[in-house]
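What follows is a set of structures to go through.
The following pair of complexes shares a single chain, subunit A, combined with subunit B in the former and subunit C in the latter.
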Partner chain A sequence: MFNIKQKRLGVAVALMAVFSTAALAQKSGGTYVFVLHPEPPSLAPHLSTSGPIGQVAPKVYQGLLDYDEDFNPVPELAESFDVSPDGLTVTFNLQRNVTWHDGRPFTSADVRFSVMDVLKKFHPRGPNSFREVYEIQTPDEHTAIFKLEKAAPYMMKALSSYESPMVPKHLLEGTDIRDNEITNKPVGTGPFKFVEWKKGQYIRLDKNENYWKPGLPRLDRVVARIIPDASTRTAAMENGEVFYGAFDAIQPVDVIRLRDIDGIGVTTKGYASINPMSLIEFNTQKAPFNQAAIRNAVSLVVDRQFMIDNIWYGYGKKAVSALSSRFASAGLHAATGNYPAEPNVAAAVKLLDDAGYAPDDNGVRARAVLDVIPYGEQWRRAGEYLKQALAEVGIALDLRYEDVPTWLNRVYNEYDYQINLNYFYQLPDPVIGVHRHYGTDQIRKGTPFVNGTRYSDAGLDALLASGASEPDAKKRGEIYEQIQNKLDADMPVMNLFEMEFVIVYNEKLKEFTFSGMGPYSSFDRTWLDQ
Partner chain B sequence: MAFWRLFRRNRSAVFGLAILVAVLVLAATASMLFPGDPFKLAGQPMSAPGTNGFLLGSDTLGRDVASGIAHGAQTSLLIGALATVVAVMLGVVFGGLAGYYGGWIDDVLMRVTEVFQTIPSFLFAILIVAIIKPSISSIVIAIAVVSWPAVARLVRGEYISLRHREFVQACHITGMSDARIMLREILPNCLSPIIVAGSLMVATAILIESGLSFLGLGDPNIISWGFQIGAGRTVLRSAWWVCTFPGVAILLTVLAINLVGEGLNDALNPRLRERS
Partner chain C sequence: MNQTVKRFRYAMKRLAQAVPIVLAIIVINFFLLHLAEGDAAVALAGEAGSATPEYMAQLRQKFGLDKPLPVQLGIYLKNVLVFDLGFSFRHNMPVAELVFDRFMPTLLLMVSTILIAVGFGVLLGLLAASGLNTWRDTFISVFALVTYATPLFWVGLMMIILFALNLGLFPTSGMENFAAFHEGWDRVKDIAHHLVMPTITLSLFYLALYTRLMRSSMLEQAGMDYVTTARAKGLTERRIVFGHILRNALLPVVTMAGVQVGALIGGSVIVESVFAWPGLGMLAFEALFSRDLNLLLGIFLLSALLVIAINLVVDIIYSFLDPRIEVG
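Our next item is the complex of A and B:
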């Protein structure tokens, strides 16, 4: 278990101050402008996981921990933590001298209130992340002891400022949490203070002079510019008006163009916490995809690399199992057999023959409608590709595009679909991001992005439950290997490829990838080379 | 033959007719020239024209642009013709009734027509297709719905000018039914402007269909020129041929139809007949 002493951090800061006094002058100051799209619905990260909120709020609020690119914990509001061997007690030692932006001290009471009274009740994923926490003890102002019913290793991955922000008890207690003033005017402990939100134009944050990390933040001001039009966003990036654009702020076709321009860079780092995976969902209760054989055949036929190279401009990595390879650092990843290195049409045909999908006079073995996620053009190209690829083994698809509400209703409420092209966030731990797509208890009519395939298997449910509460990393890895093998054989969901989102940035911007949270990080170390 | 003599006088109309015939032949022989599905992944993606066996190059997924143009010609012409037929029928019924009866019927029908005319036609078409799912039939309906008011106006004007003529009054005296007078007596006399308007409407319909497909509101299972341009738009800088050739196809076809329409107008309009 890691344990970084504050002393060591202090030494590091002192050393940095000695060696870079000259550089420090250049490294501080300046207004950092980034492009935000779309406009956030609020600035309340404790009430919503909406992406645009996540790009602003973590600069104001902080979590107990931050994470590096491999999702190892890094101290933030918790200077260190300790997990008991049985996993039932987690002790957080909090940083000292941390104050809220209104001057009140940050204490363990804020931690207890944030988790027990806000996140567990109001946050979309909080009830799941803190499911096992029944009590938080606060023996003194700088110690918070989490008591758990069962071990919950996944909880330790959900403590970032984006996922579980610490919010001020003194402003929220006794009020309507959903309708408090801080919903739109956040008050946190972070490097930047909220100043102004001009709807439709910008959100302005100014440097927190009393920030608890010495010498930080380096920037004087952060401005999130809200630009609804895609080509205007690209132009702003090209002109140097904005320094940073994440997610789909810059359209893929423009990314290809901008990355060749001097002074503009493109990176895929910073999305580890989101862990997006493109995939196909099969309706396991409806012909023709109600048999595992045909689902496996589809996986054998699809040329994943072709899709990455020709539709996603090379941004992506072939999936080799039900879990993303980003879980490999936690020992939760194993390649499985129905994800071939190269498409294998012969094997697919044999599977279909053996399962009784006989071709008719036109060579058609099965007909179905492919629903395509209505999130833009690349998905349409992918749908067109899949139609052609599956035609090779006699699976004839028709394509259907609908608007978002109709499509969500069809797949997750009416279950009136056969095969659906989609993508999910696998998030930093399978319990948070992946279990929801497979568990029998996750067949929740009307809730989007859960188990829409209606796959239900008692054996798998048991494996998922033990995977969630196994404190030992090695044993946990073994359980997830079994889970991946099971999902490989049954394949209610077939992964296509791990998506690589990009960040387009101006090369004057420095040290913005220090956190694995990427766009959802504090930017306290970030500086502008002026 | 008198018609052809009159039509032939307009050189550009003959030129237009030649192109139109060529497009028709292309559409008719598409399946022979390019057998199989035009969506087929035929080879190396993004091949330039003349390379890897692609006459006009291939698109981002390796689909043959030339095959798409040939098969797309079928779609464009089919939708253009169908939508026009539906629009003309609607327009003739509304305009005919309004013009023939006048009075409150005219008022009611024309107010309805105006409702349709006040909505920008392309936006209206987008709305209709977005509400009913994108498919060939919904596109035909959308184009017809936005196109018929112009025909209705035209037909109404013709009917108003013809309904008091002696030959119509003579029909009344012989006890002919209203329906028969409208269809058998008046309609043939205002056929020429309808044909001219209809021919131009085919061109508009092709443009609207291309626009809808470009925006991704076309039938996803049927190739069309607008779809090809929409799909190739993102690679305009790196693979110009994907957009350019379907664009040229639309340009030539619409131009040809307009020229032919002009020629028809010259040939059918008695007032222009002696124009030299």
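Our next item is the complex of A and C:
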């Protein structure tokens, strides 16, 4: 979808056509309540990528672009953009008549400040997304020109309100960005204004009467309800007290029950931008997984479809390479050999024999402790399955389950693990979501969710670097094919399956899937059928 | 010296004794909590799902986690002396504000639970003891045993299914109706409506305890010499039970209630979680998993103060219930 030819996006015509006054009359008003779990740490999307923040903040803040389900850009605060042929200059033409919730106009100065002074410095992923941006020129109030050191095709996919929100310069400049009042009381340009956050209870947003999109938003109020207990969340959904629950708000076992109830729907749409992948990380510096052969053997033995069908109730798609098949539309996906269609125990045994992992008297070739990601029951079940499956080829696993900080400390700080069950967001582009897992420069002691396997390969590092800055889509595809083959052979990380998160919703709720950002979208077109 | 002055002096003395206890609680908690692996920066970054080394260093510097432990403790103690409980890492706001916000819902749940549990517990215990070995006694004893043995979360969920989903009498959870945002008396009624199920769930457990305690306490007192004396004086059974036995039998119940108020703050995590009640228990529980040590220390401190205060009040109540007990 990304090309270097001049690209001009008109204002979405389809969007305007919807607003016949007749339709407006029926579709406006009402309080939309959704269930949020867990409670967000703050409401500062420019400081944290935490999921619950993402479900609230994009209703208050906006990004330069929005994206459709295939990750094609849709105009948001930027009415159009233009990428120069060498990829080194990106010009954004901003919407006019946009104001912050406190009445001040939104201008190109806000864009420059947001990217250069906030996202590049304080955002967990911003320093990577905007790595190549060295300057933003603002010739007038409605034009922002990004100057890049090298082409950065991935940056164009990181401009949503969740990933790169535009924040108000006039409230942040000259203050401690981390301790500013807007950390908990956001002021944005979006369809809903922040009103109140009662910790442990709810976050309330009210309609922004001066929203720049005519006729929107349709809802009068958005309330995020915080309910800690999973069964109670389900009951609240069943009772019609909440209209929407995303991610793990509703436990899979309840999803199966709720989807058969009249008036409640279930969809897997809306997670394309997150692109979650379940996986196993091997400690490549520690026995027994310090050889590629045993890592490949594990991949050959595990029955991925069994896990999807029996533990995740059918929600998921088998992984066939290091990259998610959701990258296929960008030409960045190719199936590779060590991800078999069916588990192949014989081939795995042969690999282990050849590599010298001889069985002892009990048939055990290797012993290890499997750390299980402490994010819920299903992962424990998956751990139990893996223990059984690997026992078949003589790899004996013990399971370990700790609380989140202890587990993160063990894997990404102490590196005191052998094999770790986990999941990663691959995000809209491999540079943002996948490179952090493999690059030598991503071995960063004490930083979670980077290269915790300590895999390091100069050849791969070179490929990753050229993949990041290759502006030509076809050539970029070829580079990523090599990357996938390399990672298939060495396999420091073994993908299990592309996870399909669900959204459970009350069928009175309409038009909440218009954006590819799903739960992380603005909901400005959403309405309640009352 | 009259009783009132004595009581006042006693209270002052007890308060002075409390100071070193509170200090010790702070120091022990501080080091205990630092034994946990991982820190708030790791927990926050874990929640965010991504981080850079600079981001981690920034967080640690901001939280003061880059300083040596004794220095951190010194800073904390200094702040507590001027009633500053510090800043919550995760919530990005002052601990005092957070704790105070959650204190009222906790108090509401705690007070209504204690009232119902003690009130009905005393009543049921009395009924059981006065009808010893009749069907009434058996029924009450079995009821107490069953409620005591049933897990709280199960009772809570069953109440939600029965009264909220099937009968539609009560809302499933929360403290208020967040779609409506009532004000004034409507809001009071709305909160009371939301309070019913969590209170009953939490009370059932304690109710059983007080019932058993009251029953055995009544039976024990009924065998005392003073009861025989009273009966010999020709007092009516009614007078004996209410004027003599009951008053003495209440002492252990009051002791128990005093001890349990402290436990109730922590013990209500389950009920708060099931009913999404915004209390301190849940706040502490979440703070533990995000290694939000300032917040945890603040909650522990408040709980400790509360327990000390309630123990004092209980001791003073003794002297009212039983004039033989003198404070001093």
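Simple rule for what comes next: the second predicted complex is superposed on the first by the 507 of 530 C-alpha atoms of A that agree within 3 Å, B and C clash if a C-alpha of one lies under 4 Å from a C-alpha of the other, contacts with A are read in each partner's own complex, and residues count from 1 in each chain.
To be clear about the criterion, contacts are C-beta pairs under 8 Å (C-beta built on N, C-alpha and C of every residue); 3 or more make two chains touch, one makes a residue touch a chain.
A quick note: this is a predicted structure, and the numbers were derived from the prediction, not measured.
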Joint occupancy of subunit A by subunit B and subunit C, clash or fit: fit
Computed vertex angle (subunit A) for partners subunit B and subunit C, CA, steps of 10°: 40
Touched partner set for A:310, first subunit B, second subunit C, both or neither: first
Partner chain(s) touched by A:324 [first = subunit B, second = subunit C, both, neither]: neither
First (subunit B), second (subunit C), both or neither touched by A:238: second
First, second, both or neither for A:484, with subunit B first and subunit C second: neither
Partner contacting more residues of subunit A (subunit B vs subunit C): C
Subunit B versus subunit C as contact partner of A:403, first or second or both or neither: both
Subunit B versus subunit C as contact partner of A:381, first or second or both or neither: first
Subunit B versus subunit C as contact partner of A:229, first or second or both or neither: second
Nearest-approach distance, in Å, of subunit C Cα atoms to those of subunit B in the combined model: 9
Common interface positions of subunit A, toward subunit B and toward subunit C: 403
Subunit B partner contacts - residues on subunit A that touch it in the complex: 252-253, 257, 310-311, 372, 377, 380-381, 383-385, 387-389, 391, 398-403
Subunit C to subunit A touching residues, read off their complex: 36-39, 42-56, 58, 62, 90-93, 98, 101-102, 153, 157, 160-161, 164-165, 168, 171-176, 178-181, 272-276, 278-279, 282-283, 286, 289-291
Contacting residues of subunit B [partner subunit A, same complex]: 37, 39-41, 45, 60-62, 130, 133-134, 216, 220-221, 230-231, 234-235, 237
Residues of subunit A touching subunit C in the complex: 31, 33, 38-39, 41-42, 44, 48-51, 122, 124-125, 127-128, 178-179, 183-184, 198-202, 204, 223, 225-229, 231-232, 235-236, 238-239, 241, 403-410, 412-413, 425, 436, 444, 446-450
